[in-house]
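Each in structure tokens, the structures are laid out below.
Each of the next two complexes has chain A plus one more chain, namely chain B in the first and chain C in the second.
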Partner chain A sequence: MKGETILTVDDIHCGYDGVPVIHGLSLTVMEGEIVAMVGGNGAGKSTTMRTIAGLMHPTAGRITFKNDDITRIPAHRIVSMGLSYVPEARRLFSKLSVRQNLEMGAYTTRDRAEINARLDRVFDLFPILKDRANQIAETMSGGEQQMCAIARGLMSAPRLIMLDELSLGLQPSLVDKVLETVVEIRNSGVTVLLVEQLVQESLEIADRGYVIQTGAIVHAGSSSELLASPEVRKAYMGM
Partner chain B sequence: MNPTGFFRRFGWPVLLVILAALPIVGIVGEGFLSHVLILVLLNAAMAQAWNIIGGYGGQVSFGHSVFFGIGAYGAAYAVCVSETTPWPGVLIGALLAALVAILVSYPCFKLKGHYFAIATFAIVEIFNRLFMIWDWVGGAVGLDYTILEDGWKNFTWSVDKRGYYYGILIIFALVFSLVRWISRSRAGYYLRAIREGQETAESLGVNSTGMKLAAMALSAFLAALCGAFYAQYNFRVDPPMVMSLDMSMKFVLVTILGGIGTFRGPLLGAIVLVPLQEYSRAYLSRLGSGVDLIIFGLIIVLMMEFQPGGIMGIIQHYSDSKKRTSRRRGVTEASS
Partner chain C sequence: MSILTQVVLDGLWAGMLYGLIAAGLSLIWGVMDVLNFAHGEFLMVGMYVSFFTGFLFKIDPIISWIAAGAFLFILGVLTYKLVIARILGKAMAPLLATFGLSMIIKNVVLNRFTPNFRILEGTLLEGRSFMIADVIVPLPQFATALLSLVVLGALYLMLTRTRFGWAIQATALDKEAANLMGINTEQIYLLVFGIGGACVGIAGGLLPSYLATHPDVGTLFGLIAFMVVAMGGFGSIPGALIAAIMIGLVESLAGFYIGPVYKYIAVFGVYLIIILVRPKGLFGW
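Entry: the complex of A and B
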């Protein structure tokens, strides 16, 4: 069920140390969608995600989330507004247990009963994490760590979750499994903005997609349109 | 309950009771051993105060002698200039140190990695030079105590060291208990999360700047209490004595030797380093000045080369290998 616009990125420009990386990028995400942002290495996908998450700020342009302007709002406040970001390479707190990692994700609430309820929800989604709850995060396999990272992102009870390069460092069979859980997350009522280098796999589960190249959107449309586009197929799927 | 479980649960209160009993059984009173024990507790408290931000928070500060010095000057100023008891100076000094910590740390926290550490080096030099030329606090000469009546009112004991011992034991217990509580609280997890990945912590909603400032302020407050004790114990302060890179290094090295970011590390580091430093200074100083510092430096270099986790790292290593051996033995017995 697709609803109203939940996220609008309007003509943003940003970069690192004065070097521009994103040049006038715009996109929208509707409530209840899975939107995939795909592109090659160094295209600016993660920079866009970091900018939306408030970890860096654009030099121009505007970002609105649920009609609130979040362009200049710091990351820790954006999370409490209902936007969660799962960074690439998992970045778990390696020395903390799975449960402690997950509870870190619930930073925005102090209510113990609410935290436990959220834990139950993510354990329903990722039963393996319940078995591994007291295990130190770094001792888990790559796939389990990725699930833990996604679950941690869900612990803030977000309206929109941004997942950055879920497939990074995972074997192909695990990639499929992780992408299946993305669909389950959407089905549970959380909107998903997905960034991936695996163009075909991510577009197959998404409703819409954006193709990003050298810091700008070069193609946009429904997933089926993008999957059928000869340009996209040639450039990103080697077909 | 096995011995490990008992130690984990009751080790800390038992240790405090044993330390409190030392003067009663005559181990602490007058003499060199009492002096060494006092310095062990002082250095352990200093290192643990530093451990809050340097160990748990992962922000390696070389600027803690500034806060230590402000605490020392607070107490000394109250006694030497205002001619009151040291207590108001102790409180004002500690609060001032926390405030200075917030003011100087805020811009420094914008820096990452080694740049933060380098900035804190510079802050020590700035404060050292300021206090050197500041006549209001005695300039380069510093402040010398006048003779005060012995007792808790003046926090002064001229011969018997038991008063000082109990004084530093209270500070030691306060600092360690606070850190024990923090390390098990949500704040402790947040600090460790910031240490492991500041950006990730922020993306989960942690206000990393706020957390680090709070940790630095508490760390500075406790360091200042240690500084006030140091001034009272030595009956004088001057900038090289309390506000120098040498003093800052003590905060860092004791923690690193014992085990950075661990609860027991600062005490273990002080137990090894302080007696070594004091006894080598007492017995080897005739070989030339700085022999104690050579030994001190050599231990740190060896530790960094072979066990960066410090003494706690060695303990953990043996504990892990013991567990592995017993697990293997269990598997072998089960299969046979």
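Entry: the complex of A and C
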């Protein structure tokens, strides 16, 4: 069920050390959608995600989440507003256990009953994590670590979760499983903004998509439109 | 045999105190990659707080360590807020800045309180001891060691068993990812500097029960703390305690069996050997 606009990124410009990376990028995400942002390496996908998450701030433009202007709000405050970001390369707290990582995902709440309820929910979604709850995060396999990273992102009970390059470093069979999980997350009522280099696979599970190239959106539309677009197929799927 | 036991126990008491002094330094390094060069001077300030609390208000160091810990917590927080936060992540700048801070603290104390050695007389534990078989246990050193161990244990439990402790560890492991969890990492840094200060403040607060207070007293303790942290592995609290006890034992054994003038040669020699064999310290990774 698609609802109101939950995220609006309006003409943002940003970069690193004065070097511009994103040039006037705009996108919207509606409640209940899976939106895929796809593009090649270095296109600016992760920079866009980092900017939305508050890890860096745009030099121009505006970001609105649930009608609140979050353009200048720091990352640690954005989480409690209901926007969660699972960064590229998992970024688990390597020396902490799975359970401790998950607890940190729910750091913004102090209600023990609520934290336990959230733990139950993520253990339902990823049963393997319950078995591995006391295992140190860095000792798990890549696939398990990815599940833990997604589960940690869900522990803040977000309205919108941004998933950055979930497939990175995973074997193909695991990629399919992780993408199936993304659909389950959306079906549970959490809106998903997915960033991927695997253009076809991510568009296949998404409602809409944006194609980003050198810091700007070059194609936008429904997933079926983008999958049918000769330009997109030639440039990003090698067809 | 009783002499050896006596010497070993003396080293153990000293080592446990060194452990607490080094814990604050280790914590700050482990979380923020900052070496607080003014750590020894923090200890000296803690001693002065305890000394004057005892001298002016007749409060014994067995109580006034609380005031010293609180004072140094505030000094740690101010040091972070006014100095470290402005230069964090800029290569050697925090080390060089805290070197300057150490000189300022030492000279302010020298100017205000003169270089005189100040001895707090009539403390509750002064001159008291008890016997275990035929071994003498001096009560001031024993109480200081015991309280050091209790504070270290509390610090360790806080870091490993509480959500706040996990948030400190998370910040140390990946600051940006910690931010994404909703952890205010700036606040964590501020509190870590405060806690680091409080640890060394508590140690300094206990010391006037058996050690004279003067502006240079922190220099050697500061050096020993650096050694302990490097030997134990930067950021490891259990490593710091074990290294501290090793240093205490070497100091005591060498001081008795070789000669007092050689004890620091032995201590620094052991330090050098360990760093050559394990550059990341005994428990570093």
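The rule we apply is simple: the second predicted complex is superposed on the first by the 239 of 239 C-alpha atoms of A that agree within 3 Å, B and C clash if a C-alpha of one lies under 4 Å from a C-alpha of the other, contacts with A are read in each partner's own complex, and residues count from 1 in each chain.
FYI, a residue touches a chain if its C-beta (ideal position, glycine included) is under 8 Å from a C-beta of that chain, and two chains touch if they have at least 3 such contacts.
Quick caveat, the model's predicted, so the values are computed rather than measured.
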Open item on the list: Applying the document's definition of touch, where does A:Ser26 land relative to chain B and chain C: first, second, both, or neither?
Closed with: neither
Open item on the list: Quick check on the superposed pair: does A:Leu55 touch chain B, chain C, both, or neither? Answer first, second, both or neither.
Closed with: both
TODO: Determine where on chain A the residues touched by chain B overlap those touched by chain C, and list them.
DONE: 53-55, 74-76, 79-80, 84-85, 87, 91, 93-96, 100, 103-105, 107-108, 152, 156
Task: In the complex, chain B residues that touch chain A - done: 189-190, 192-193, 196-197, 199-208
Task: Residues of chain A defined as touching chain B within the complex - done: 53-55, 74-76, 79-80, 84-87, 91, 93-96, 100, 103-105, 107-108, 152, 156
Task: Interfacial residue positions of chain C with respect to chain A in the complex - done: 163, 166-167, 169-170, 173-174, 176-185
- [ ] Show which residues of chain A lie in contact with chain C when the two form their complex.
- [x] 53-55, 74-77, 79-80, 84-85, 87, 91-96, 100, 103-105, 107-108, 152, 156
